[in-house]
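Below are structures written as structure tokens.
Next, two complexes with chain A in common: one pairs it with chain B, the other with chain C.
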Partner chain A sequence: MLELLSTRHNPMIDPALHVWGWEVPVYLFLGGWVAGAMVLSGWLLRRGLVEERPSVVRALPWIGLVLISLGMGALFLDLEHRLYVWRMYTTFQPTSPMSWGGWILLGVYPVLALTGVATVPAALADAWAPLGALARRLRAPAARDLLGLANIAIGVGLGVYTGILLSSLGARPLWASGALGPLFLVSGLSTGAAFAHLIARDPGEQSTLLRSDNLFLVTELALIALFLIGLSSAGAAPAQAAGLLLGGPYTAAFWVLVVGLGIALPLAIQSLMAAGRVGHTRVAPLLVIGGGLALRFVIVAAGQFSAWP
Partner chain B sequence: MSASKPRAPGSAYMNPYLAGVGLGLVLLAAFVVMGRGLGASGAFSAVIAWLMDLVAPAHAAANEYYQGYLEGGTHPLKAWLVFEVLGLAAGALLSGLLAGRVRLSVEKGPRVGNGPRLAAAFAGGMLMAIGAHLARGCTSGQALSGGALLNAGSWAFMIMVFVGGYATAYFMRWQWR
Partner chain C sequence: MTRFGMAIDTAKCVGCMDCVVACKTENDVPDGHCRDWIAQRVEGRLPDLRLTITSERCNHCDRPPCVTCCPTGASHVHEYGRVVLVDHDKCIGCKACVASCPYGARFMHPEGYADKCTFCIHRVEQGLQPACVEVCPTRCMTFGDLDDPHSEVSRLVAGRRHFVLKPDAGTQPRIFYLE
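So, the complex of A and B:
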């Protein structure tokens, strides 16, 4: 008797290892960037620095709206059944990071829009009375503090969620790490601070932002170390997954693009800038932003490559 | 890009003899750590092969030269020379920042316009790329790495680079006057 195994001819019957292309890392990167920008905006709002730091605090909310929309557009392209996306919003599943993420993303829009209105320039507020009235109400100390807190809370939630989304997928040992949430949050904070540094016009503002970015970059290095140590000491499969970045096929991309060009080099340049040893340059924040994108691409690609034996 | 504190002319460049010794040590370190010498033109070839595969995969698959970079299953940009050239740019940036020299400019003599200078640089770059492919290596791959290994061909290449340089310098000096 001749037996034929015909099921293998059907697509997606065999386990597909690489199902995520460019869309998911781009979404995670833009989501983290907006998260960082929101935390920064919230901090500036609560410190009452709207008037002192106008170029950053006025631009961040509107740019954040564009970036989160681009990120959600990338995520939408990744969906298999795009027309069913509304069903995410007919339920809330507290144990599902994806459900949390869906609702957090929905909260990002009103908070960013209200922050944009609260920091609207006086000329624009005077031109249209209802806008001016709303801006004045939002600038009242209590409302401003509340708006700042909302920015920080939603920003931290969004930043952590982009990492937890991966770490909750237990089938991939590289992502089975509690450090991934904080790592993606801090990477988002550093991207947000670098971008704010890039658009800041005032030298004092630039100095504050580059010092805070240096702090985020050092923290990110520590979290990367914890991430790799944790995986290496967590059993055979996670150790093998960490090996993908420690001698395996993703080593060069991770250490050169993420750690070298994305963290160590800009940290060195920004430390020299903070010490007054080199002049101001926008190359360093651009490298930080590139490093944030590379981190998402490498972790998403290497994670899909890793498997339990 | 801007540098707020340009230093006095003459102090911004490293002593060339010290830089030469440093480059030799970098080459030695590359052999010890990576098991490979230094190079530059190969990185550009890998980028071209990758771009060609993106734009016209059928053409790239039919071309033996591009296949040299594309076959084997690994990404063409995942090559030692590509990462080395990234490091080169990073090191140059850091060095330029420390010397206060980072700014957008066209390196040229004071009496030459940007257009002629860029056109001459482009033509020179094209000739250099053709030469590097004919010689199977550029000044870094052949002269530095091959020369360090005492390859006779690499030394012949290096001598001819100097011969060519001195022979054409007279005709090219208008760019620097």
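So, the complex of A and C:
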């Protein structure tokens, strides 16, 4: 038996750490979503599909700008010393994923804006000559390929960093997993693909996005398995942390909202859609998006609850 | 190079909380918060129970995760004594350092910055002892330079059985509890 009595009673620390509320998971979710959207935009740009069809690439950058701004707004609300936020940009701390993230976010805006201009509809480009000229220059094959590459690079950086942000905080055994970065990246790709699928009009593009999303969902399931197996076999504290999701207080939320409704069910529906066994439905991508949000909430909350003995 | 640390004799500590009150007074710690605290661990099975009382605070770790995760450099290792400190004017209140500390030694000051034990560096720089050490009625705490093999703290750590808190976290804490 071990009974621990402590006179400490610091707010947000005791009895269990709860410094991060809704703001951080919402930011991680929106950041991951935008990361996924950027990777997909980059891929579609490089495939040159923009001119051929009314591609979702035309909408994704502008929606991405709104989403990333909402995410950064949530992050700003989480800060306790908000007027000092500019301090992030007077330094670069190479050991801090949060510092990396702050600088990556600065790269997201121009890349999304340039992608938006490159894919602007012809009617709009014709209406304002300078916009049309810039769009034509960005659509040149070399510039378009470079823009596509920038989308993919920054999207991957943004997606991975949201996971590494947590896994670098070694004090929380649940987060002490190398699988968290890839898991959050793939979850972001899945969310981005689901959303693109939701707004796509072109049947060919819908089909491509559907199949891509299914691939991401299967990968996500594999990474979740890797995450749990890795923790369970890594020692007493990580195994105890994994127990929070395997019988502990976060089990129901994790398996029902994240794995069941957020991955397995939409994967089943979308697999049937891909096989032509059921008609097109927006329910599945909406479930995927909800699952991505639930994943961040569960991992952030359970991670804070976990501790070294 | 000076590397401050502390040895706390658990055989002498009675958990009187003088160290806690001294810290709050010396450092103007806000109401409802504390930089140091008393923990009591009862281990064993009746009738073989063992009580260990520990005065706890920031461990000023040799591998401080709170410093490596800080996005602004506000959390830093002070050049004198390698004490882990927070520059209030650089802290944006992101709470990453609070989440990264396995000891729960940090808290958010009501004015918005991360706060914690400083080993009373303002006193130490004047040749004084940290307030908690100064007031301890049982003299269970010894503060000094761990890099000086002749210091009292080094001799205690070298000569007595001791433990550190949460060794599995890998932070290499510099507060040693003597058994």
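The criterion applied here is as follows: the second predicted complex is superposed on the first by the 291 of 309 C-alpha atoms of A that agree within 3 Å, B and C clash if a C-alpha of one lies under 4 Å from a C-alpha of the other, contacts with A are read in each partner's own complex, and residues count from 1 in each chain.
Convention: a residue touches a chain if its C-beta (ideal position, glycine included) is under 8 Å from a C-beta of that chain, and two chains touch if they have at least 3 such contacts.
Computed from a predicted model, the values in this text were never measured in an experiment.
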Check your understanding: After superposition on the shared chain, which partner residues are touched by A:Leu272: those of chain B (first), chain C (second), both, or neither?
Key -> first
Practice item. Give one of first, second, both or neither to describe whether A:Val256 is in contact with chain B, with chain C, with both, or with none. Key: first
Point to revise | If touched residues of chain A are counted for chain B and for chain C, the larger one | key: C
Review point. Taking the superposition as given, does A:Arg137 touch the first partner, chain B, the second, chain C, both, or neither?
Key: neither
Check your understanding: When the two structures are overlaid on chain A, which partner does A:His280 contact: first (chain B), second (chain C), both, or neither?
Key -> first
Review point. Once the complexes are superposed, what residues of chain A are shared between the chain B interface and the chain C interface?
Key: none
Practice item. Show which residues of chain B lie in contact with chain A when the two form their complex. Key: 1-5, 74, 78, 83, 86-87, 90, 93-94, 97-98, 100, 102
Point to revise | In the complex, chain C residues that touch chain A | key: 17, 20, 32-34, 37-45, 56, 65, 68-74, 89-96, 98-102, 104, 106-108, 111-113, 166, 168-171
Practice item. State the interface residues of chain A toward chain B in the complex, per the touch definition above. Key: 249, 252-253, 256-257, 260-261, 265, 268-269, 272, 277-283
Check your understanding: Which residues of chain A touch chain C in the complex?
Key -> 1-14, 17, 19-20, 78-82, 84-85, 87-88, 90-91, 93, 95-99, 101-102, 165, 168-172, 235-237, 304, 307-309
